[in-house]
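Chain IDs A, B, C and D follow the sequence of writing; residue 1 opens each chain.
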């Protein structure tokens, strides 16, 4: 049984991972198609495999930190490609930045997610506008923090973050890639949505689902 | 300068070979297409190469026998494939059966051509109706001899032979091949004209041209 | 048609030019149309000559070298060589004790090699001939030109080549070549036809779910058209045809051969299924070869060739070989 | 999509199954996701581990054996392996004196190998890493992920492998691997895209007269689309790009590499033109390799890789090697 909507506990963390697995599995063909256009056509399959493994591990801990650490490790062990280490690091470093408590508050969660995003930047070296997952991750945490600062509830704030992630992903379409495989195409990478940004948007939709879910 | 229409001399023999080279060169694409359907798609190119080489050797002798021996040898040396030895043998054994004279009469020519056809049968082992060049060669010599027996002139008789060769080639369409590459297809070889029979018909058209040509 | 070529009519000459540049250990005589070992033939060693149409690379020139062929004569694409070049290759391969002609069973090859053997006889070179006819997709009857020569050619060239290297005589080399052929069988399946450069379009057209079953290596369609199936099913079709023609027993040498346009990974998948099939049917595979050895231009597909080995044949298969396309032991 | 496979998602597992069946001299550990030499590593010998996405066969597993790799870890098709399998391969390849990771420069490969190296460090295995980035079609700038690793990987694996066999230490092996990479350059051209089995359709579509110039080995389009041209022109495009990036001088090792769907004859034609180009530009080719070594599924096309040799590198290139895909000297 999950805590009230304002708080984030192990069950909600696990729900985030399982919802991610479901949304990404459902969008696998679209993600692969995006990756076929400017990459190597494996992104949908990579993440489907990775999040399925992560979801299997999602029940094994009592704290959000434990859940996300386990999920992140499982993701790294099962995904491969660029997205495995990057998404895995996002989850593990988000986890590491969380208080080691059964329930964490909205601001702690937002700070931890920001730490996760920073870790992705550091590992991958991507800047804003390089046409990577960072272009969805960054607007999402910014929107999350902004909404919480304005006094929004966690579900409402994460909903805004998810919208920002989607907008960020769409905004990658005209960009020329400077990181990842799409960068090999130079100018020809423009005109296509970045697959990693698209899957990142799904991750935030899953978080919105998990934090907003009624526990009745 | 060639002899009168009734006789066959070195010039007419040479004219046969050069006309063959021209007709076959002009039909190369069609022959290749026929060979693509039930063979390996090289018949047009093989014979074009072979008869071009034969035509180059066609001027070097004073007798039909000499011309055709030289042409046949050149054909064997340049063609390759099944058709090289078979057409080469046809020419060489026709030559061998000719009287060693500067001019040969219609009946001697017909007998010699019949010997050439028999040699093709022997070398290739094909029977009538096996869907090979024999199905054009055989009706042609039969028609030639028949026409001569009925008192036709050589030009007229060769014209009849050429028609018989064309008819024979067309009659291979429904046949199932029992020799050559087309035989690998079994029943699937039916419905296509045999490329070697088609080129044989051109050879007889060329002979009609060469024997009928006015020397004025 | 899209190919890495200069002009359709230059394909064979340019391939030989590349072979010569890449393999200085070979003597590529473009003028006379043959490829021979760079070093002179050892006096007394039986010479091995093979040849046939081009488009089957690495066959045959890729098998010239120690332990295999002495000379090969490539014809035009899918066209047997002419007697003159076969004679020239035969002379280059003659060490004074005779030459073995290894001929794939196609009318053109058989006739041109026969004419060349007659010419060699005129020059007092003893020639023995083995005609390879391993493709069981073709019925061996008077209603066909007989079984085609395909993958077993590699086995014949390797094993007879090893025996010749040991100093055996012409009769012994010819006998073992015939024995290898007799003990071998092949079956091929095509997923996409190859394109003869001068023809410019594929030998046949297949829909997305169609394959040609019992296909040869010259772009001709197979015995029948079938439905696309899994590697396991395709392999079973081939293995069953092989087994029906010549029951598989004893210890096998197996070649899973690519047709030119099929990547190695798919050939390994096919081999996995061949190995499984053999395990299920209590057949032992003692030696194997997986790769593109007897190709058909850029055709996609594969063939399986099996040879039921004897002690002797296995020893000769294992003997050192050093050619561009097959190399081990030195 | 027509392939000799059982199911798109089984391609890697089935390929490994075939590899295991065909090469009993290898240890194929499907569970832990690596392929190693069958015999235990010699104590003290530096271990060489490589790996990367599948679909490039024979790279990498085909280069496991004496004189080259100790272990390889194939990922899913076009997907780098995960740290766990790299760690397992690293353990299998460790003879107590450290392991060299040979990594092609792709974000996924670099990150996963880095994580594996960290894990190996936790287990007190010394790991050095060489990142191969030879593909000069990609600009080496902060605006890209850096040059891709392609054909030079074969050179690095062969030459570092030979040095390791001689008993050199980890630093020396890493240094020579870096030197080979530094002295190498590659450029690729595609005539037809390959098809990722699970994607089901080609990575890009080309018209009959179009090619992709400066293409990689993962199905991504190249730097630009161009018009189909002769082998001589295609080769000149590639050679000039190589020469612009790293001036060609001294004695070259040249690889003319097929992308998987291109037959050997076309590669020899390309090699003929490479040799001609070098002759015209006073560049000496001392060693060469022509064939399908670093493929991209069934993509049609070729790449050219050059390495400017030193005495040392030539000696190590010539040293004996015994792997499924590269073998000489024993």
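The rule is simple: a residue touches a chain if its C-beta (ideal position, glycine included) is under 8 Å from a C-beta of that chain, and two chains touch if they have at least 3 such contacts.
These numbers were taken from a predicted model, which means no experiment stands behind them.
Asks: Walk from chain A over to chain C along touching chains and report the minimum step count.
Replies: The fewest steps needed to get from chain A to chain C is 2.
Asks: Strictly by the touch rule at the top, which chains does chain B share as contacts with chain C?
Replies: Of all the chains present, none is in contact with both chain B and chain C.
Asks: Give, as an integer number of Å, the spacing between the C-alpha centres of chain B and chain A.
Replies: Chain centroid spacing, chain A to chain B, equals 77 Å.
Asks: If you average the CA atoms of chain B and of chain D, how many Å lie between those two points?
Replies: 56
Asks: Calculate how many whole Å lie between the centre of chain C and the centre of chain D, each centre taken as the average of the chain's C-alpha atoms.
Replies: Centre separation, chain C to chain D: 29 Å.
Asks: Rounded to a whole Å, what is the gap between the Cα centroids of chain A and chain D?
Replies: Their C-alpha centroids are separated by 33 Å.
Asks: Can you list every residue of chain D that touches 2 or more other chains, as numbers and ranges?
Replies: Touching at least two other chains: none.
Asks: Multi-chain contacts only, two chains or more: what residues does chain B have there?
Replies: Residues of chain B touching two or more partner chains: there are none.
Asks: Which category does the touching pattern between chains fall into here: line, ring, star, complete, or other?
Replies: Its topology is that of a line.
Asks: Go through the chains and record each pair that touches.
Replies: Chain pairs that touch: A-D, B-C, C-D.
Asks: What residues of chain B sit close enough to touch chain C in their complex?
Replies: Going through chain B, the ones touching chain C are 32-33, 36, 38-42, 45-46, 49, 76-86, 123-124, 178-186, 188.
Asks: Per the contact definition, I'd like the list of chain C residues that touch chain D in the complex.
Replies: So the residues of chain C touching chain D come out as 1-7, 11, 14-15, 17-19, 21-22, 54-55, 57-58, 62, 191-192, 206, 208, 211, 228, 230-232, 234, 260-273, 275, 285, 288, 290, 292, 295, 297-298, 300-302, 327-330.
Asks: Give every residue of chain D touching chain A within the complex, in rising order.
Replies: On the chain D side, the touching residues are 53, 75-84, 106-108, 111-112, 114-115, 137-139, 142-145, 148, 196, 198-199, 201, 203, 216, 218-221, 223-224.
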